[in-house]
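These are the structures in question, set out in turn.
Paired with chain B in one complex and with chain C in the other, chain A is shared by the two complexes that follow.
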Partner chain A sequence: MLKTVLAPRFAVPLVLAVLVVGLSFALPSNFYLRVAALVWISALAVIGLNLLMGYAGQVSLGHAGFFGIGAYAVAVLPAQFSLHPLLAALAGALAAGLLAYVVGRPILRLKGHYLAVATLGFGMLIAMTISNEAWLTGGPDGMPVERLTLLGWRVRGADTWYWITGGLLVIGAWIAGNLVASPTGRALRALHDSEVAARVAGIDVARAKLTVFVISAVYAAVAGAALALVNGFVTPDKANFMHSIELVTMVVLGGMGSILGSVAGAAILVVLPQVLTSFHDYEHMVLGLIMMVIMIVLRSGIVPGLASLLTGRRK
Partner chain B sequence: MNAPSTPLLAVEEIGISFGGVKAVDHVSFTASPGEVFSIIGPNGAGKTTLFNLVSGVYQPKTGSVRLAGETVTALEPNLLAARGLSRTFQNLQVFFRMSARENVMVGRHLKERRGLLAHLLALPSTGRQNRESTEHADRLLARVGLSDHADTAAANMPYGALKRLEIARALAAEPKVLLLDEPAAGCNPVETEEIERLIRKIADEGVAVVLVEHDMKLVMRISDRILVLDQGRMLAEGLATDIRSNPKVIEAYLGTHGTREANLALD
Partner chain C sequence: MARFAKYLGGAALLAGAAFAWSTAASAETIKIGASLAVTGPASFLGDPEAKTLEMYVAKINEAGGVNGKQLELVVYDDSADANKARTFATRLVEDDEVVAVVGGSTTGTTMAMIPVFEDAGIPFISLAGAVVIIDPVKEFTFKTPHTDKMACEKIFADLKARGLAKVGLISGTGGFGKSMREQCVSVVGDYGIEIVADETYGPGDSDMTPQLTNIKNAAGLQAVVNPGFGQGPAIVTRNYKQLGIDVPLYQSHGVASKSFIELAGDAAEGVRLPASALLVADKLPDSDPQKSVVADYKAAYEEATGQPVSTFGGHAYDGLMILVEAMKRAGSEDPKAIRGEIEKTTGFMGTAGVVNMSADDHLGLDLTAFRMLEIKGGDWALAE
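Then we have the complex of A and B:
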């Protein structure tokens, strides 16, 4: 009984840690390590969004906005105020969390499609602000990001970033798993299924939604900051709604309410476009087709879908 | 049966209208610790609406609700839960994606330690809390006869079992007042008998049980007092024996020409 409570919490980060270590041997060149690092970063943002969507059942089509806040924090703050990039990343995560807290109060009263449109509008607002304030952000052209130095050591190289982002992913998955298995996580999953029953059970539904919205915003901002540091450059397209849609697609494709699924979804949408470049003009058609087939065959997403196929359960 | 002591739950002149129809119209009742107070009436009489008003799901237009002497009218359901009021639902409101055990653990929410940081970092206090909630949930599942289903997803459980799961979830909060909305609906006679014993035991432990139920035999056996609703209004209130022989009640149930069936239903 104790095992059933604890096992998934440790199993998922362990599987991911093994994956990160194993792939480091298997991947033949820096190019692949770099792609893998991009997967880890996306997966981190997707895990956060999955807490909101897959577990608590609340959609957000504006999460790229939080991603952008994290990314631009590590670009702007060191450039303008000579802040250390790590402190800048921390400030970006705090700012995203604070903004989510302020915006979440009115927005999270909405449900379903209305919540989707409201979060979409909110995300676009952030993207437009970043694009328009060219004096600060470089506008549509983006801006360079100061290289990260830790105690005099310049962090550089695809392999270094591979390990840092892989470590972030394992920690992020561990924290998310902790949350899901805690009283707060049970409250989130409960309100997903029945808000009225959750309220009667004593759950402050508005507060629970706000909590997970803030947490997921912080995940997105940390991922954004990591991407900016890895790339050494930020562009506003990472804050715009196409990226928000991409994150949502990763959640659904990988599996709602599955932390491993978040990684699978991110991997598919980061890796496939690289693989499919050989199709040239048809790249996006093939990608779209693959996504459709996955959703038709594995309705509940890659990881939950495969799991139920393997255990022979329906749905 | 226990003599009614000071009322724990006091509902006064409560009412609500939907589109001009008075769904509940100035209804008053009290429930005391150790008592089973039943609300009966034909379909559409306003029983479930009354539950929704008392439990804070609907905001009443008129009247008041007092819980242990404190006015709690129109308070949010989660705040009412914190003051000791819990309920089940006629149309099941279980957490279908969660296991039976987790459903009951959610019911324990108010008694759980809620430090977000401890939850995120899985500090020892969270582990202890999870074990405590798990054990408590397992005891309650055993109490309602669902031990075999503990790990079953609620979505895969039969209707009658889900009714009992809702009772276990409501009990997890250790309520002082428990509203049960048709707990025996869809149950076979054996299950109904189990539910009856369970309700009686809950009341004997000092909970004020308010029951809405269509199974008249069960109601007549178990109730200390009965309130009859018809078209949102109070038709009669009193001891089970008085209600059974009340001609107004018989008429409301089956109309003037249905006395024979009414007698059968109420016997």
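Then we have the complex of A and C:
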């Protein structure tokens, strides 16, 4: 029994659940709750991307595109077709998954830099579409998002969203943990280490890659939808290249192939800029410095790096 | 291991100290907030705005503050990211407990922040351009810059006065150009003017000759209007000259900076554009009621920063002064009282023009706020 509970796929969501509940008592005001909610949302997208990057060893520089699809689905669908925001979020996640499935087939045949460039181009296409189709998306200035109502109750306030996004994160981490422990997860790790060996072992490499690409796209879209609903407003910059890079940075900083690392990476990049505002002009310099120090000292990312330090297996 | 622990300990201490940094609200200061795009793609807006606010808050404090209390300004840099702006808006309300907010450099950040301030009941004076900010009117939201719709109206009024009725439009597809093009198309009918050509170009385009050739070939063309921002209009202006199009060219207030004249060179000669009086502060006749305000601001800004004055900093000046006057009239720092007094602002002379606000006009500027300028000899000149 204890062994089952301590298995990573149960332990990780448990740790996160304790973190979400514990922080809710520790955070003094709505501002801190909002920052925490932003961490949960980013972490959700980063977990998805980490499945792709950390486990399957494929890179995507266009993930903000999927994030944008989720965000704009809950902005556009309720406004244009009076769809309920929750259904719109579902539609956004489906659309992102479907798109990932369609473009994933040709794109995932590419490797290394070529894959990076192809996903980059794909992400830019989505960002450009969003900022150019002003009649639908409000263009570069963005558009408002209808507030979510559930059974006549208007969902608002940083504390409410803190719990909703925290719950989403725990569920996301639980699903990811299960996926990693499943045959698909083992197949992914195998193809991460050596595609040829994986193929020889009888793994359908193309299919495994496509599966994880679609799943990670859905994670990003759900995170995008959550952000749009929390903010009540969307702008195209959440779909653009810089946001893709931010997500990749969170994965690498937190630790590739670590679900808790995804949360740590997201937490660092969301919380630090808030902390560093007191440095005014030196904010970006200090942020860059901290990131560099982390990468130099903890080469494999925060969580895996600390774990190997604690167990004395220094790489 | 020890070395690592030192790093981590240091970082944790730093983070903890900064997070615990809560500037205790003292009864002797009035806190006002700002979230501006000081860095990033819109830093040309946020940077002069932040400098202006800091400079004038210091000046006001030197002169004794407001209602006998010192002002305390909290500025955050949202780098034009709407999500960051929203977080900073929450922070200003919840954590810093400001009584009023000036700023929001772009329309996107402003729109993202509005719900926070409306829910909290904190007066918010935006420095962004689009008309959606104040139309429909929101209880606590105001703005100081003239709208793109007013720029269109100013251009069309000038065209009408010159007897020109058939115009070609060439618009940038960036946020500014797109929004202004829509506004121009919506008001053009009021002036009996007809759009005979309607072309667009992308933000990164380096040659607009094809679009201009199409416009040149439009039957009965009498003038061309270029709603756009950044480098695009300078390229349009150069191509315009190269193609030898001889009808008048109108640019928008989006290019109202010296760098436009430098980029467009000789081709800029004779181009007209609507702009704030700030650009021609030293050329205004002494009888002009706006002269002292814009000349003083220009001198103060250029002395303090060593940089040429920009209209965007002027918007921040207007916002701060409207707020300060409202606080003086209200005699208190209650956000609701301040809001009520901001709405009653009448006859305020700012860098953008005379402001007369009312319950259904939270901008309060009229067309006289814009001056029609013409570029002559590589410098601005009043065309009226």
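Criterion: the second predicted complex is superposed on the first by the 309 of 315 C-alpha atoms of A that agree within 3 Å, B and C clash if a C-alpha of one lies under 4 Å from a C-alpha of the other, contacts with A are read in each partner's own complex, and residues count from 1 in each chain.
Quick note on the criterion: a residue touches a chain if its C-beta (ideal position, glycine included) is under 8 Å from a C-beta of that chain, and two chains touch if they have at least 3 such contacts.
What you see is a predicted model; the values in this text were computed from it and never measured.
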Overlaying on chain A: chain B and chain C, fit or clash?
fit
First (chain B), second (chain C), both or neither touched by A:Arg199
first
After superposition on the shared chain, which partner residues are touched by A:Gly232: those of chain B (first), chain C (second), both, or neither?
second
Of the partners chain B and chain C, which touch A:Asn178 in the superposed model: first, second, both, neither?
first
Regarding the shared-chain residue A:Ser29, is it in contact with chain B (first), chain C (second), both, or neither?
second
Which partner does A:Arg186 contact after superposing on A: first (chain B), second (chain C), both, neither?
first
Which of chain B and chain C A:Met292 touches, first, second, both or neither
neither
Could you say whether A:Val18 touches chain B, chain C, both of them, or neither, answering first, second, both or neither?
neither
Just chain B (first), just chain C (second), both, or neither: which does A:Val102 touch?
neither
Note down the smallest distance between any C-alpha of chain B and any C-alpha of chain C in the overlay, whole angstrom.
22
Name, in rising order, each residue of chain A that touches chain B in their complex.
1-2, 4-6, 9, 174-175, 178-179, 181-187, 189-190, 192-194, 196-205, 211, 215, 257
Complex interface listing, chain C residues touching chain A:
1, 4, 7, 11, 15, 18-19, 21, 39, 76-77, 80-84, 86-87, 90-91, 93-95, 106-108, 111-112, 115, 119, 130, 132, 173-175, 178-179
Can you tell me which positions in chain B touch chain A when the two form their complex?
55-57, 76-78, 81-82, 86-87, 89, 93-98, 102, 105-110, 112-114, 116, 118-122, 126-127, 129-131, 133-134, 138, 151, 169-170, 172-173
What residues on chain A touch chain C, complex-wise?
29-32, 34-35, 38, 131-132, 134, 139-142, 144, 156, 158, 227, 231-235, 237-238, 271-279, 283-284, 290, 293, 297, 309, 314
